[in-house]
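Just below sit the structures, each encoded as C-alpha cells.
Here chain A shows up in two complexes: once beside chain B, once beside chain C.
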Partner chain A sequence: MTEKGRIVKMVSQDQEEFEVEYGVATMSTLIANVLQDVSEETTTVPIPNVNAQVLAKVIEYCRYHYEAKRIDQSEEDIERWNKDFMKVDNKTLFNILIAASFLDIADLLDLGCKTVAGMIKDKSVEQIRELFCIEGDFTEEQEAKMREENNWGSEMSQENNAAQ
Partner chain B sequence: MSVSILDLPDDLLAKVCTFLDGDSISTWGSSCRRFRKVCLEEPVWAELCQRLFGERLGNLDLWPSLSSYLDLYLFLSQYAALEGDWYGDIYPRGQLLTIRAEDGAFVGRRVAVTFCGSEDRSLSEQGATRADPIFRLAPSPSKGESRGVVRWDPRVHAGIDGKALADSGTLNLIPDTCPPSPSRSEEAILWIEGEKRTKFELHRPEMEDIGDDLSQSEEEIRLRHRLYIQNATLPEERFQTLTVYRRLLISPRKQPTAFPRDQLLSFPSSNTTDQNRIDAPIASDDPDLSGYWWGMYGPHGPEIVLVSHDGAQIEGCKITGDPNVPSGEVTFRVSAVPEKDDVFPSSTLEILQNMLDDINTQVISVQRGVARIAETGFHSAEWTLGLMLRYANGDFGVLFFPEGFVIDFTRLHIPKN
Partner chain C sequence: MLHGVAEGSTRKRSRVVMEGDDGLQDIQDDARSGNSDRPEEEMSVLAKPLWSPDSVPRMESELKGLIEYVRRKPQLNDANASFMRDSLRTMLIKCTREAELAFETESSIVDSPSRSSSISGDDSKDENTAVEWYAVHDILETVFRYLSAKDLSVARGVSKDWNKCGSKPSLWRQLCLQQPWRSLQTDRALWNLIDPTLDVKDPDVWRKVYPTLARKKWWRCKLMKTNKFVCNLIVHQIDGESLGDNFPSTLTVERRFALMHLTLAMLPINSPLLYFEPETDEDKEGLEGFIQYLIRRDRAGLAIEQHRRYIFIPPCDYSRDRRYEGKSLLGGVQLSSAHGFQNNI
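Let's look at the complex of A and B:
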C-alpha cells in the first residue's frame, strides 16, 4: 500500500469537501493518527469544528510546506511566505490557531502564536486592549497595585541612586 | 463564527506568552484578569527560561535558592550574560576572568598560571593553572512578595586576591548614564558593607530577539557587553581600582585563503596588494590552534595568549602581559601555511632542531611571520621576524629574531572546581 496517490477527503464544519494528498494531510498529527489503521485509497475525515474558510487556509499552509520541504525551498523564502500567510484579520488568525491546535500541526501553531506575540510586543496596556477589543476588568485597587509592581525596576534604581 | 482572543484556550494563550519577553508578558498580563492568570502560570516561565537561557542555565534545579521559574527569569534576564570568558583590561598585566554558573551562583574566577619548573624549556609543561574565585553572585528573592514581579535581593560574596570570600551585599541595577552602545544599557552595582567595598557593574543592552525580529544574532548582542568590577581592599576611596572586562569569544578556525605573502612582514601597514598572492594549501589534519595558550616570557613569568586562526594568519594576542609588551597587544602573527621547502630548505629544520637541542620534541614545520618586541612601557615597539615552530606533540614555540630566543606555548586548560 503506497502513500502516493492516496487522497484524504477533509470535510469542514459547513460540509464542504477538500481533497488533499496524503502527505499534505498527515502534516496534521491528528489526521496522521486517524489514518494510521486505515488503508483505503480514499478516506473521508470530518473536521467538525473548523469552517471551510479556515480549513482552506490551513490546507494552503500544509500544501506549501509539504512542497517546500520536497523541493528544499530556502529558509528565507519560507520565512517570507509565512509572513505573507499570516497577513490576515484577527478573527481568521485566532481561528487558524484554534484549528492548528485541534489538528495538531505544531509548526503552524508556533507560527500563529509567534504572530500574536509579535502583535503584543512593545505595546502599552491600552493599545493591547484596543487591538483585541477587550476591556480591563480589574478594580481600581488592582490597577493601582499593578502600576506599582510594573515600576519595580525604576523604583529600585531610584533607591540605588539615593544610596550613592 | 465570531472569534476573539478571549476564545483561545488557556494553553494557547500560554504558548503565545512563551514567544514574548518578560516586559511584554507583564504588560499583557495587566490588560485583563484572564490574561493575568495565564501570564502567572509557572510553565510559561519555565518554557521562557529554557528558550532564552538554554537547558542548563534555564533549569531551576541549578538554582536551589530560587523556588519559581518567574524568579529565575527575573534573575537570569539580568545576569545570564555574565557567563563566559572575560578579558580584564588591567594595564599592563591584564587578566583572564571566567564566569560560570555553579552550585546555584555565578562564580567569577581569575585564571592564572604559576610556573613551578626551572627556566629549562623542556619543563615548560610544569606550569599549573589556577582559577581563584573573586566573586560569587547568588540570587535570593526577597520574602513576602507573592505577586507577578518579585523584588529580589541577591546575596553577593566577594573576595580579593584569592582570599576567602567574605561579606555580603546587595546587587542592584541602575540605568547606565554613559551607554557603551547606542542601545539602552544598564549596569549592576554591588555595594559591600563594612570595610571592603566592591563595585560590580554589568552593562547590558536591551535584548531584542523576540517576535519576528529574530535576525540579530546572539553573539552580536554578547559582544557589546562590558563588565566592570571595582575592588577596594581599603576603606579609602583613593585605593579603588576599576577594571573593565570585555567578553572574549574564541572564533572557530576559518578556512585558509590566499594571502599576500609580504603582508606579514610589512605589518602594521594594512595596505595590501593583490600581488604576491600564493595558494594556501594546508594539511587537513593540521590541528586547530584556536584557544588559550600560555608561555614563559623569560623574567616576566608565564603569560596567557589567545590564539586565533583567521584563515590567512594565526595570531597570538596577549591576555596577560608584561611591562614591555602589555596585555591586549599581539605578540606574534604568522602565516597559516607552513613554509615551503624552497624557501626554507629541509636543512633549516635540522639547524633549528640543533639550536633547540634541549627540546624533547621534534620540529615538524615552520610558519613565518612577525613577533612583537618592545622596551619597558611598550616604548620602541617593533615587529621583528618571528617563526612559529610546530612540534610533533601538537604544541608550538615562537622563535624571536634576531635575539634568537624561543617561547614555548602550552595549551591552557581552565580547571573546573
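Let's look at the complex of A and C:
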C-alpha cells in the first residue's frame, strides 16, 4: 500500500469535508486503525461528533506536527507554536480536548490538558468556578468540610523540594 | 457539539438505548474461531451505561467494550484483526446514523425548525455555557495529573464532580510516590511508621497520608562502605528533633557496633529517626546487600560526621521499639555533644 499521495477525506459532524494527507490523518490513532486495511486512493471517514470548526483546528495541529517532524523543526519552535495554538477560548479548548480524546491523538490531548492545568494553577476555588462557569454544588456543610480538609495546602512551606 | 453532548445526556436519558446489539453480532460472527457464547455479564459491558446516542461517553463506552472483549479472548490473538476493524467501522457508521436520528427526535421534541442549531450553531444563545466536565471525566483526570497537590486540593473544592474526579486514588498515589515515597508501594510497615492511625485498605489512604508526607523532610544521599560505593539513597526524616536543612551528600559507614548496644537509652524515643529507601531500582540491590551484611553480623553501621553520628539500623528490637516492623533500613542520629556510647568496634 503506498501511503504517499494518499488522501483521507474526513467528514465532520456538520458534513463538511476535509481532504487530508494520509500521514497527517493517521496522527489520529483512531483513524490509523480504521484505515489499516483500506487500500483505496481516497477513503472517507466520518467523524460524527466533531464539528467543522473544531476538526479544522485539530487538522491544523496534526498537519503542523507532521511537517515539523519531517523537517526536524527545533523543540523551541514547536513549543512556541503549541503555545500559540492553544490561545483559544475555553469552549474551543474544551472541544479540542474532546476531539483529541475521541480521535486518540495523545500529544494533542496532553497539550490541551497541560494548558487547562496551567489555567487552574494557583487559582482559588472561586476563580476556577468563574473561569469555567461552574456552579458550586456543595452544601454549606460540605463546603466547610472541604475547606478544613484542604487546610494543609496553605500552611505548607517550601519544604517539599528540600533535595539538592 | 459540546451542547449536543450536554443536552443529550440530560434530556434524552429517558430514551433508553440498548446499544451494542449490531456491534455484538459483528464481533460474534468474526470471533467464531473461539467459543462464541458470550456470558451475560460480558454483554452488559457493552450495553451499559445508557448515554445518549450521540455522546462522547457513549462512543467511549463502546470502544472500551470492544477492547475489553478482545482482552478477554486470548484466542483472538491468533486471528487477524479484521473483525476489530469491522466493528470500528460499524461503530462509526452506526453512531452517525443514530446521531442523525437523535437530532431529528430532538428537533421534533423542541419543535426547532433548523437542525443546524443542535449541531454547532447554538453558541449565539448561550456563550458562557458551563464546561460540561462530567461528560469527560477521563479528560479532567488527565488535567489533574498535571496539578500539584495544593492545586489539586483546591480543584476538589470546585464542585461535586471535580471532587469525585480529584479524589481518585491514582492521582494521590502518584503525588505521594513523587514526594518521593516510592517505598510506600512495597513496604507496608512504613505506613505504620508514618502514621499508625491510617488504614491501608482505605481507598483514600494516599490522599490522607499526603499532607503528612509533604511536611516531612527528605534528602538525596550517597551511601559508602569504607571506600566502596553501596548505593544512592533517599533519606526521609520520620520523627524526632528536626535536622534542619542540611544533610551530608555522602555518608560513609566506617564502623559497626553490636545491635545489643542499641537501645532507647542510647537513642531515645524523641531522637531523630530516618528511613532509607533506594533512589532508583538500580540502587535496590546495593541497599539490600548492605542490610543483609548488617543482619549477618548482628551489627549496626556507624557514619561519623563533624557534629553528628549516623547509625544504620537493620530490622531489630530497637526498630520495633520505634514502631517499625518492616525489612528496610532505619537511621538514628546522635548529636556528638550528647552521645553516650563507646566506640566499641
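Here is the rule we use: the second predicted complex is superposed on the first by the 151 of 164 C-alpha atoms of A that agree within 3 Å, B and C clash if a C-alpha of one lies under 4 Å from a C-alpha of the other, contacts with A are read in each partner's own complex, and residues count from 1 in each chain.
Methods note: a residue touches a chain if its C-beta (ideal position, glycine included) is under 8 Å from a C-beta of that chain, and two chains touch if they have at least 3 such contacts.
Quantities reported herein were computed from a predicted structural model and do not represent experimental measurements.
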Is the arrangement of chain B and chain C around the shared chain A a clash or a fit after superposition?
clash
Could you look at A:P48 and tell me whether it touches chain B, chain C, both or neither (first, second, both, neither)?
second
So, A:S124: does it touch chain B (first), chain C (second), both, or neither?
both
A:D137 in the overlay: touching chain B, chain C, both, or neither? Say first, second, both or neither.
both
For A:Y64, select first, second, both or neither according to whether it touches chain B, chain C, the two together, or no partner.
neither
Scan A:F18 for contacts with chain B and chain C and give back first, second, both or neither.
neither
Touch check for A:W81: first (chain B), second (chain C), both, or neither?
neither
Please name the chain, chain B or chain C, that touches the greater number of residues in chain A.
C
After the superposition on A, what does A:N90 contact: first (chain B), second (chain C), both or neither?
both
Should A:Q36 be classified as contacting the first partner (chain B), the second (chain C), both, or neither?
second
Clash-wise, after the superposition, say which stretch of chain C runs into chain B: 24-32, 42-50, 60-68 or 132-140.
132-140
What residues on chain A does chain C touch that chain B touches too?
51, 90-91, 94-95, 97-98, 101, 109-110, 113-114, 116-118, 120-125, 128-129, 132-138, 146, 149-150, 152-153, 156, 159-160, 163
In their shared complex, chain C is touched by residues of chain A numbered 13-14, 30, 33-34, 36-37, 45-46, 48-54, 90-91, 94-95, 97-98, 101-102, 109-110, 113-114, 116-118, 120-125, 128-129, 132-138, 143, 146-147, 149-150, 152-154, 156, 159-160, 162-164
Partner chain B, residues of chain A touching it in the complex:
51, 83, 90-91, 94-95, 97-98, 101, 109-110, 113-118, 120-125, 128-129, 132-138, 145-146, 149-150, 152-153, 156-157, 159-161, 163
Touching residues of chain C toward chain A in the complex: what are they?
1-2, 4-5, 54-56, 59-60, 81-82, 84-85, 88-89, 92-93, 95-96, 99, 116, 119-120, 123, 128-131, 133, 135-136, 138-139, 142-151, 153-163, 179, 211, 214-220, 245, 249
Write out the stretch or stretches of chain B touching chain A in their complex.
1-9, 11-12, 15-21, 24, 26-28, 30-33, 147-149, 151, 172-175, 189, 191, 210-212
